[in-house]
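As structure tokens, here come the structures.
Shared between the two complexes below is chain A, which has chain B as its partner in the first and chain C in the second.
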Partner chain A sequence: MAQLSILTFRPGKTLMHRLDTRCKLLSFIILSLTALNAELRGLLILSLFTLSLMGVSRLFSLGLCLKLRRLFFFLVFVWLARSLFTQGTPLISVSFLTFTWEGAADGALICYRMTLVVFLSLVYTATTKPSRTREALHRMLRPFPFVPGKQIADMMGLMTRFVPFILDRIGETAESQRARCVENRKNPIYRIKSLAVPLLQGLFVDAHFLSEAMEARCYAQNQTPVPMPLDRTGWIGLSAVFFLCLLCMMP
Partner chain B sequence: MPEYRLKKMVFASLCAALTAAGAFVAIPVGPVPIVLQNFFVLLTGLLLGSRWGTASMGVYLAAGVLGLPVFAGGTGGIGRFMGPTGGYLIGYLPAVFLVGRISEMAHARLAGDVFAGICGSAVVYAFGIVWLSFITRMNLEKALAIGFFPFIIGDAIKIVAAAAAARVLRPVVGTSSESISSNTSSSFP
Partner chain C sequence: MKHNQIASANPIIEIRNLFYRFPDGSLGLRDVNLTIDQGTLVVIAGENGSGKTTLLKHLNALLRPTHGTIFVEGEDTVKNPLKTRQKVGLVFQNPDHQIVGETVFDDVAFGPKNLMLDPDTVKERVDAALRIVSLSHQTDRQPHLLSGGEKRRLAIAGVLAMKPRVLALDEPFSSLDYAGIREVLRQILDLHRLGCTVVVTTHDVEKIIAHADRLVVLKNGSVAADGPPERIALELERFGVRIPCAIRMGKGFESWLN
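Moving on, here comes the complex of A and B:
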């Protein structure tokens, strides 16, 4: 998983790594919502803040920029589509396609907002362990009636554990099928079937054994929670984010 | 916690993880990439039914909202919902519910599973195309040309594959531990 994705936890001892997960999670949601609604002035303030967060978390690297090229592809498409399909003052006309000034400006603003949200996600996931996110989510959902907060948090924890396991199992199963010379068969359906069926069956069997193991260890949803004291730094950080977002949204 | 509920919870988490893993394999053919997510969404509905299928997709989408790298190309964050593919992601929830409901009513017959897959895919595309059209300001014809027509053949294959996979996996998902143990030797690589 770590090889495939840029949005993974990176161990460290920075201020962002030490900050309370609940405050970070709430701050991230508030900042993302602000980024999606703010105008240019607000976005500039948020950009400076996000860049400083990345600096504090030591996330700047050339490799990171290279790995974000897929995002660039999406952004270019959104910008082009907005520029070409929005009515307004023509900037360039080629055949039946008209590139409008209003569309280009609107598209650039949307792309800017999306980029900011992606960088905010990057800061959060790179500085927070998935297990801490699970615990924080459980605590945040606890006050809501009829919402199975513990179950949602546990399912999310299991999901994040399963993903690298699945990717490993794909590699193992592919190797074992190669050892049986399945790749020499000309029928592509047979080859796919011989990979997918044992892989999926094996995964569900493993999941079944996991549920039995959890039951054997008396898994319950009223376990003693992991201590997660909320310190002063967390409150200060959350308050600062709240006031920053208010400042960004001011006309 | 009852054994049945715990087992379903673990299977729902596995299905959410499979959907996330399916999103890593993204082939960019345009603004909407070809991904295996849709296959796993249909498979989740067919295997887990409407209730646990919806729970599984709810957890998957919540993980994405929180910024975990579970969407196409290993990305995450609330911004993906505001992007051109946001409608497809939101469409997974009603789609998996519908697939599960139809499959439950059809008592897991093959024809019922295929029909459920068609309905589920239709729901995903209905949400996806309307959102794509809205976010990019394309008219509906252009949104269909970019966000639906290139995927018809691929989705037909995914529907048939999901129905076939569900038939193979239902004995594993629904049986006792004795029959699981007897299946283990043949299913492990």
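Moving on, here comes the complex of A and C:
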């Protein structure tokens, strides 16, 4: 269990760790939406901002880059798919496949946006405890009538709690299958099936044990509230993010 | 009283005619009658599938008896499961399954927060529990990065912070190395010395038998033997439990802490 995913909380005392969770959550939603819609100039500004956030949060490390290599493969796949299936000026043609200039440019932009969103999520999850996210969501949803804020917040909290478990379980199951030479089987459906079935079974067992352990310690929806005083730093941060996003979206 | 149950002077747990049937219809526990005295250290031994974990889950009200009753300090566990869970702290076999917090501090605070205690009391309890298990210097660490022995101690602290009257540990020495076993054993004995009633289940009694006040052996969901360890130890292999090495060699019980 020691090799946990990158999307887990890392204890620290940086400015990002101390920032009010409600302001941080709102800021990251705005930043992510901007990243998904901005053009190249806006993305460059956002990249600089994200890198400085990572610096402030002390998130730069070789281990982190290594853990992100799977994301790199995924992005290459997205880029290739976009380049091959977008119509436009052909750059290379091999048999029925045509690699287009427009597709490559569009694919690169999409990958850039996705990378930024991943890095923003990384900064948020690494600097925010799931329990604080849960509490922040609960407080943010409280003013809305007919919205079961507490249940939604609880579900989100449990989900974020369970993500490392799932990733860990995927890694362990895949490794145990590789140890028994699953790579010799070339049929992808067979490989997906042999990974998915034990994975799901294991996850259900894990979920059962986790819920039992929580019940054994009197888990209840009404818990001691996490103190969350809204300070000036949070507001200043949220306002700064808002103006930065406006700047990024300006034509 | 059934079987050769020991007469109790100061019972904290009373189990009467307990039967438990699993959802698949098989019988997990059959006619278990036990009384556990306050402040004692009781070892429940048995081979795999003998019903040890099922019995522990009943003490913590995680399972409801199919038939029979369990009283913790005179209160029926079925009628008040939340109160029971406060009184009987259950430490699971695999600490990874028990960890719910993002940091050591948060994990220990999980129980007290569920009890709706005020933040100052939560902090007080967490600090005290971490001090007892010697993890005070690790408050900000991620629980999953602790060693096996430390994780087990964290699981114990998570339960201690709820101030239970009984500490129930399910196979506390499984998958630990020698140092880890000694670390956890020392912890259990310290808590026992502080007055806590301790119930330990194990299939390998060697590690704790020297310190037990009483040994209960389960076989196929029933109490097969119950009494002082000196009397029961020689019969253990009849029930699928290995006799401690020192006893086999004709010596007395030997502590793993020596």
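The rule is simple: the second predicted complex is superposed on the first by the 179 of 251 C-alpha atoms of A that agree within 3 Å, B and C clash if a C-alpha of one lies under 4 Å from a C-alpha of the other, contacts with A are read in each partner's own complex, and residues count from 1 in each chain.
By our rule, a contact is a pair of C-beta atoms (placed from the backbone, for glycine too) under 8 Å apart; a residue touches a chain by one contact, two chains touch by 3 or more.
In this text the structure is predicted, and so the values were computed from the model without any measurement.
Contact with both chain B and chain C is seen for A:L210 once the two complexes are overlaid on the shared chain.
Contact with neither chain B nor chain C is seen for A:L246 once the two complexes are overlaid on the shared chain. In the superposed pair of complexes, A:P11 makes contact with chain C only, with no contact to chain B. When the two structures are aligned on the shared chain, A:Q223 is found in touch with chain C, with no touch to chain B. When the two structures are aligned on the shared chain, A:F85 is found in touch with chain B, with no touch to chain C. In the overlay built on the shared chain, the residue A:V117 is in contact with chain B alone; chain C does not reach it.
By the touch criterion stated above, A:P130 is placed in contact with chain B and with chain C alike. Annotation for chain A, partner touching more residues between chain B and chain C: B. Across the two superposed structures, the residue set of chain A contacted by chain B and also by chain C is 1, 4, 8, 130, 161, 209-210, 212, 214-215, 219-220. Within the complex formed with chain A, the residues of chain C that make contact are 57, 60, 62, 82, 85-86, 90, 92, 94, 96-98, 100-103, 106, 110-119, 122, 140-142, 144-145, 158-159, 162. Contact residues on chain B toward chain A in their complex (touch as defined above): 1, 3, 6-7, 9-14, 16-18, 20-21, 24, 26, 28, 30-31, 55-56, 58-60, 62-63, 66-70, 73-79, 82-84, 135-139, 142, 161, 165, 168-169, 172-173, 177, 180, 183-184, 186-189.
Residue ranges on chain A touching chain C, taken from their complex, read 1-2, 4, 8-11, 129-131, 161, 164, 206, 209-210, 212-220, 222-224, 227. Of all residues in chain A, only 1, 4-8, 25, 28-29, 32-33, 35-36, 70-71, 73-74, 77-78, 81-82, 85-86, 103, 110, 113-114, 116-118, 120-121, 124-125, 130, 133, 137, 151-152, 154-156, 158-163, 165-167, 169-170, 172-173, 175-177, 196-205, 207-212, 214-215, 219-221 touch chain B in the complex they form.
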